[in-house]
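To keep things clear, I will list the structure first and then write my remarks on it.
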Amino acid sequence: MHKIFQIFQVYTYVLIYPWTLLAKSSPLITHVISQTPANSPDGLSLHTSTLINRDRPKMSYYFTILSPSDTPLFNIAFGTSKGGGDGIARFRFPETAQYMNQFIIHSSLDILEEAQWTNGSMYLKHIDTYPPAAAYITAFLTPSGARFLLLHQPPHLPSSTGSSGLGASSLLGSAGSTTRASSSSIAANPTSPQTEEAVRQFMNEVYENYVKTAMSPFYKQGMEIKSPVFRTRVTAAGKKWL
Amino acid sequence: MAAPPRHATMLSISNGDKPAQAQPQTQQTTLPQSPGLRVPSNRKTIYDRHLNRSRNAESSRASFAFLFGEMVTYAQRRVTGIQDLEKRLNEQGYPLGLRLLDLLFYRSTSTSSSALSSSSTSSSPPNRPLRIITLLHLIHGPLWRLLFGRAADALEHSVSPDTPNEYMITDNDPLVNTYISVPREMSMLNCAAFVAGIIEGVCDGCGFETKVSAHNQPTDLWPSRTVFLVRFGDAVMEREKVLERSGVK
Amino acid sequence: MSSNKTSRIGEEIWKTRVDKVNAELVTLTYGTIVAQLCQDYDSNYQDVNKQLEKMGYNIGMRLIEDFLAKSGVGRCANFRDTADMIAKVGLNSDTLKGARIVDISQVGFKIFLNVTPTVTNWTSDNAQFSLIFEENPLADFVELPDDGRAQDELWFSNILCGVLRGALEMVQMQIEAHFVSDVLRGDDTTEMRVSLVRYIEDEMPPEEE
């Protein structure tokens, strides 16, 4: 039964979603072109938070759970809570963050699948970087094949004004490219051992709640996780560790 | 079965939502929020219950046997033959395999004495099985202990060069067959097909596409001895060779 | 008969006469049964409740049979022997008519599930009472489907009503049992209401004066 169901799902996606894609992709790109250089609301709110704590730039996070066949089961965006952060995500391109984050995460799946069979750990740490958006991807794999992916995006620092132009042009140019940059220049380094440890704790806590979800006899693999309690738990884990 | 194209699946995330317009961006509006279930006034939900709470709890063996018996009887009324019945039992076991897999790993990460390793000293989380033999040991040992309180009785690999993808897990006295008396005309039936489904779920969950079937192999000493035949798919065998060459354990 | 005594008896039987199995195996197996029924009956929860009750009834009868067989007397020749046997293992009530029902109910659930429900809410004629399940292993790990109906229509643990009906029928009591609340539905307690319908035939041992 489950197998029939999965095949059915695949066909549904193939048949339906290319239409969604065509409908949504063009406004997405125009937004990127026209909005990015200005980007004022983002810069403004960022400024406020830098005033509170200059030393600890606030990270924006996008966390998603994918089924073994890449069906999205859950996603949430939040920001740094540690060191006086307000827990609110401020992605660099707020208008398109939702789509860009998903795009970036999905473009890291090939790397994830490779890592999956060379490293048996559940927590695979930082697996991928997407330089045009300065986005870092960290992964955790449950033994039953669900993928937890966390995208971190450090804030657009006011000092580095030059990079916003870079973001706009290379965002389109390198969408399909495989360029990966080193991350050593980032103020709050998403690949530092401290960050990896904090993310590990976060992932473990989400995993515990995921297992609780999956243990219910009415939860079937691949079902979207809609429980508001689950969402609250993930939010709390984010507050606690990130 | 081909995986859906990546870009196609990606956009299915959006569920038809509008891009977030307002600052600050909170994700609260981006997925349709279900009103959720009612909860008791103490607000206890499944998320408040510790996953290890019932770890050492016991129930009556007869209760299990009768419950399982009812499950088989019910399934029998909705199928046309033995094969059909076994298939149905297998399908009911499958999702249990997926759940048990997550539960096993959770328990071995959350406690000092690991459910997955025999040594209680290992404090690092266990690894997901990457190779067939690791996977089968996980089933033969930890999974069997969680379900039946003891390890399975044997784990064997086919010696035939034609079937290198076949493995056997033997249980001399499967709990699921203890109280079941199968009618004469159904003597081929083995209700351990349910357990075969659990095994299949565990294997599939770990990324090892498999078919598992349960077979009666009685001996004088063990009249309900059952062999679980595990047959891995071609893709798994191919990957196994690659991993072998690159030294992945 | 004091509830203390009943629970001591239940504990004693549980410790000495019941073969054990991992409770989670029972929990998870039961969960797959209910989920399967919901799927087969296309989420017609009333039908699922009925089917669960029926399954429980069969189990209740067999449980008593099995229990007696293990107690060393073999299969009982008739219902009267069964009742006598129950009395021998300590379940004879020498007080209220209804007390026997609750004793058997409590001990029965101890044997079946390793839980002892609390007895409460008697009616004045002693023909109805409630069993409160502080613990219900069947519902461990369970969250009902969030479909807007399951929490109003499905009695997840309805098999327990059947188990009690089947078990009590084996000792000549016809009862009716149904759940009136369930924490899975968001209620504060899990409560089963039990009514004595009648004693089957006139073969019960006379009540002691």
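Letters A, B and C mark the chains in the order given here, with residues in each chain numbered from 1 onward.
We take it that contacts are C-beta pairs under 8 Å (C-beta built on N, C-alpha and C of every residue); 3 or more make two chains touch, one makes a residue touch a chain.
Treat the numbers as computed from the prediction; the structure is a model and nothing was measured.
Contact topology of the protein chains: fully connected, every pair of chains touching.
Here the chain at the heart of the shown protein, by mean C-alpha position, is B. Averaging Cα coordinates per chain places subunit B and subunit C 30 Å apart. In whole angstrom, the spacing between the mean C-alpha positions of subunit A and subunit C is 50. Our note on geometry: subunit A versus subunit B, Cα centroid distance of 30 Å, whole angstroms. For subunit B, the set of residues that touch two or more other chains comprises 34, 36-37, 39, 45-46, 49, 95, 99.
Looking at subunit A, residues 212-213, 215-217, 226-227 sit in touch with two or more other chains.
Looking at subunit C, residues 28, 32, 35, 141-144, 146 sit in touch with two or more other chains.
Every residue of subunit B that touches subunit A in the complex is listed here, in rising order: 1-14, 16-17, 19-21, 23-27, 30-31, 33-34, 36-37, 39, 45-47, 49, 51, 91, 94-95, 98-99, 101-106, 109-110, 125, 127-130, 205-207, 239, 243, 246, 248. Contact residues on subunit A toward subunit B in their complex (touch as defined above): 1-2, 6-7, 10, 13-14, 16-18, 20-21, 24-25, 31, 41-42, 45, 64, 68-72, 75-78, 88-91, 94-99, 102-103, 106-107, 109, 116-118, 120-123, 141-145, 204, 207-217, 220-221, 226-230, 233. Contacts from subunit C toward subunit A in the complex involve residues 28, 31-32, 34-35, 38, 141-146, 150. On the subunit C side of its complex with subunit B, the touching residues are 18-30, 32-33, 35-37, 40, 51, 55, 58-59, 62-63, 66-67, 111-114, 137, 140-144, 146, 151, 159, 183, 185-188. Subunit A meets subunit C in the complex at residues 212-213, 215-219, 226-227.
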